[in-house]
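What follows is chain A paired twice: with chain B in the first complex and chain C in the second.
Right after this comes the complex of A and B.
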């Protein structure tokens, strides 16, 4: 087997792993946009809070990792519900200007950044490994077991979310809301309730992603902004407000990163330059993204 | 009515007494000497600036608790005035302008190259001496004269570390990895030049990563395949170091790993565990075997004030100490930075944080042609099972 083949197999596995985590991060952001037409700039900060909750429960208190993930998801779900009910709902009701919700989201992001720094400090935090050992397939593919587990858990979360949206009553209501808010209201969908459920679900997904990834990359109080930017990139690639688009965007970005970091390594610091240039060209040709609708 | 007045007076007295317990100097009525800090205390690099700011605040608290510092015939309490530049040069300029408006002449920071370069005109026009944690030589070489490098630069520590590892650990091949940002990339370039000057073979110097990377495996694989004797993490932030080390080790990297930046043992422990054993980094008065009781007291005060110590402060403890001791040596410098500059050429004081006979003095003649650097001991540490051990100590001239 040639060295090129060895590299490409590893690159594909890395790309799939990255794509899995990116898709999970982007899902919540696109869900909130689909339901409420809100660009939630605080999505990355919600991810960070989820990471710190898992850090406290699993890393500090020594409770099982699964308990910590559930706690991260539930807590962030509650936080999301509160944010929607007491902050976004009144603003959406009183203001017809879309930038009002954008400003509110930015304010929440800054507020959470400050609170997180105050509560958890400036240091990078990490937790004990959830699984020891490395899978080594004859040096063709090398992947630590904990990354495989995290990828599987992220994939399961994505599948559970899709099933929930597809087959549950709240899921159907939220899809109706995303398709046409007025029509859904006329058909008896409680817009306020399902907006809150949707925002809570979006925040929960961010919290679960943060909780899962703290076991691999740790967490620090300043990473919220960069996580939001990356999530927006995935949503732009896939199409804002489209669930399948966010998943596709996550996998595309993960694969582009993995390939770029391997193929372009000899040319220096080009991977993200190439990704951003490609994104600009792509958006100029198809501004609604891969799966978004041109009319909004 | 009288009873209410009495109660009010009692409550006020009790409040004042309680305040006095926590901070006796607030009642000392000494003249206040303001020292500034302009640096990054929010965002992904917050750790760098916060450890600076908190080191200054802990140092000031110790001085104030002891009744202040006598400079000439006046006793001063130290007040730290801080400004978060968010790692943005425009904000750094605004911060330095704020310091000028408050008539502050001595400022610690900024933490990064572009911020330190941006504030230079403001500092020079307003008579401010500033102590950046940034490495461009032009900041410290003539005609510049107001910037004083606050730490050991990587082009000073790098050669010392590489030479030690070449002579003692048989290192022949080196690979460099850096974040895709100006400071780490600059440090990588000077690290590569230093390694090549020592006769080491640089087998990789193009691998970079984004600071928000969530999986370092694809980044590090090209280097792991080359299996260099030494992997240098140029200018690595404490947030990224454990992740890179962990990925490299999990993918089978066998060689040594080092950096020229300060790190925190707890962060390494939490992020990489025993995989970080053997990681070489730069510290200050860091390990228990070399630090004095004064350093222990500083760590205790810092921990008391902020709940948790940060090992990055082992190098950042010195800036305030240098400012205060230089002003003590020449009280005329308190409002006149030209006097401060004159004193820098001859200044010498005991190093109260490090055992042995090392002294505080201004250095930099070799690197900058003038004394525009704090003489921070170059303590090179190796991480082992949750704590640092001193590998060797050197001095910059």
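Right after this comes the complex of A and C.
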């Protein structure tokens, strides 16, 4: 595609796909942050683990894609629960300053990176396409079917998550916990249990996102860190700890990336520099992000 | 303080006796990294989580490299220049972002590291991904008149020279930090760490204070970065990246957030730990991170929290 006839519709559609997937990643991170005030550095690594599980079950064993996604989600949920119960909980209880959890999160990120590298090696892995063919709208917008499916699955996961948080009992408990930990405890919410459930759910979202995306972009052991950083950015754009904010942030970043990669291509690899700098300017004007609470 | 001096004299002697010259490089790196970590520690001291030190180390390194290679400025002059450049830069960046707190500040400093890398890739003066290589050793254009520092390229043992340089700076840096923390400003910083609103209501100028602290922190980052460049004689956009920024933070954590010498101990432990684990080959990262996790579980308040506890007991 030469730079004169950029099809803006196509760019927007690409942005939508990306946004849908990004929102799913950001949701898990923001949930963990809202519940436990922990900035989970290992979120990207959890995403990578989810990707590799899907790669093995779907790509290697040849089981249905859906099974693989569910397996990714469930495994990661368990991993998340274990991490919360045996690592974060004792450290939060013992440490003087709450920043200590960040070191723990960073250490867990390194740990998962090491495990991923040992188990899966450095190679880029991909899986066969789930669906062939493209949807073609007057040769203007081209949408591969598999991307539509993934976007739809990501979208329905997001909707399911929101419904769960809004209407189920654990969802309500977790929202109460995020609002005010002590008050929730006084009202009889089992803080320990729901912290664990929340962390597990956050990890599960990361795993599902990883599983879904492996069918489009593949997965390799090195992308954990960059994914974490992207997730941080989305959370910052929307406001940390706010679910709607994470979704908004995901879509905004997806859109910016898609537009940036098309428009700025003439000036070299500037997209991310521009995004980062504008994010810093944005945050200095509105530190709490789009929808965040105005505390630090 | 006696500890410092003994390290200063005893360590070179030990190395000379044992003949392990390669140890100098390790120790020099530790000294430099601990200078940069001391900066990170200071921002923790005012209650900010700083994961952006890599950005300033990179900026300082590039400034030094560019000045030395393209403008033929003496390396010795570029050390303070790199520090000052980073300090000015950090005031400009700090003014808006220091209003952020907690995790927000942490995330934006993380982004800052990434911005620094991308800027280095994009600017023409930094030579993109190829970086700046074959930077001359320091001293070739040195101010000979008064200084006792000879030309590094005429020295038979450059490693030793660099070791002395880094160790001297480290001692100065930590002496300065110790002084700072026990000064009026140090007490004010502690008040910031506990409650900014309260501090400001008593009449502490919190904006100036935190900018000053951040500027000092970045100054140290820049100084560390500039000397690092001189040692490796090259710099790339990836010389200091997110992983390094996180490592600076880990150094501070492991040493202990509440102790001035925490960053130094943390750097020594982490750097040597990493080096020792090198023999384990591909399990290096696995073991390293497991140890980190265990450290967090057992001593979440830093290694020095153990040591000081013991010292207090002995005194009693």
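Just so we're on the same page, the second predicted complex is superposed on the first by the 288 of 296 C-alpha atoms of A that agree within 3 Å, B and C clash if a C-alpha of one lies under 4 Å from a C-alpha of the other, contacts with A are read in each partner's own complex, and residues count from 1 in each chain.
The definition used in the following text is that a contact is a pair of C-beta atoms (placed from the backbone, for glycine too) under 8 Å apart; a residue touches a chain by one contact, two chains touch by 3 or more.
Worth saying up front: this structure is predicted, and the values here are computed from it rather than measured.
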Touching partner for A:57 - first (chain B), second (chain C), both, neither: neither
Touching partner for A:217 - first (chain B), second (chain C), both, neither: first
Contacts of A:225 with chain B and chain C, given as first, second, both or neither: both
Which of chain B and chain C A:127 touches, first, second, both or neither: first
Which of chain B and chain C A:151 touches, first, second, both or neither: neither
Touched partner set for A:203, first chain B, second chain C, both or neither: neither
Touched partner set for A:76, first chain B, second chain C, both or neither: neither
Touching partner for A:118 - first (chain B), second (chain C), both, neither: second
Touched partner set for A:258, first chain B, second chain C, both or neither: first
Chain B and chain C footprints on chain A, overlapping residues: 113-114, 117, 225, 229, 268-269, 272
Complex interface listing, chain B residues touching chain A: 41-47, 50-51, 180, 185, 206-208, 210-219, 221-222, 238-239, 242-243, 250-252, 264, 266-267, 270-273, 306-308, 310
Residues of chain A defined as touching chain C within the complex: 33, 37, 39, 41, 87, 90-91, 94-97, 99-100, 102-104, 106-108, 110-111, 113-115, 117-118, 225, 229, 232-233, 235-236, 240, 268-270, 272-273, 276-277, 279-281, 283-285, 287-288, 295-296
Complex contacts: residues of chain C adjacent to chain A: 44, 49, 93, 96-97, 99-108, 110-112, 114-115, 118-119, 121-122, 242-243, 246, 249-250, 253-254, 257-258, 282-286, 288-290, 292-293, 296-297, 300-301
Contact set on chain A toward chain B in their complex: 7, 10-11, 14-15, 17-18, 21, 59, 113-114, 117, 121-129, 134, 136, 142-144, 147, 213, 216-218, 220-223, 225-227, 229-230, 257-258, 261-262, 265-269, 271-272
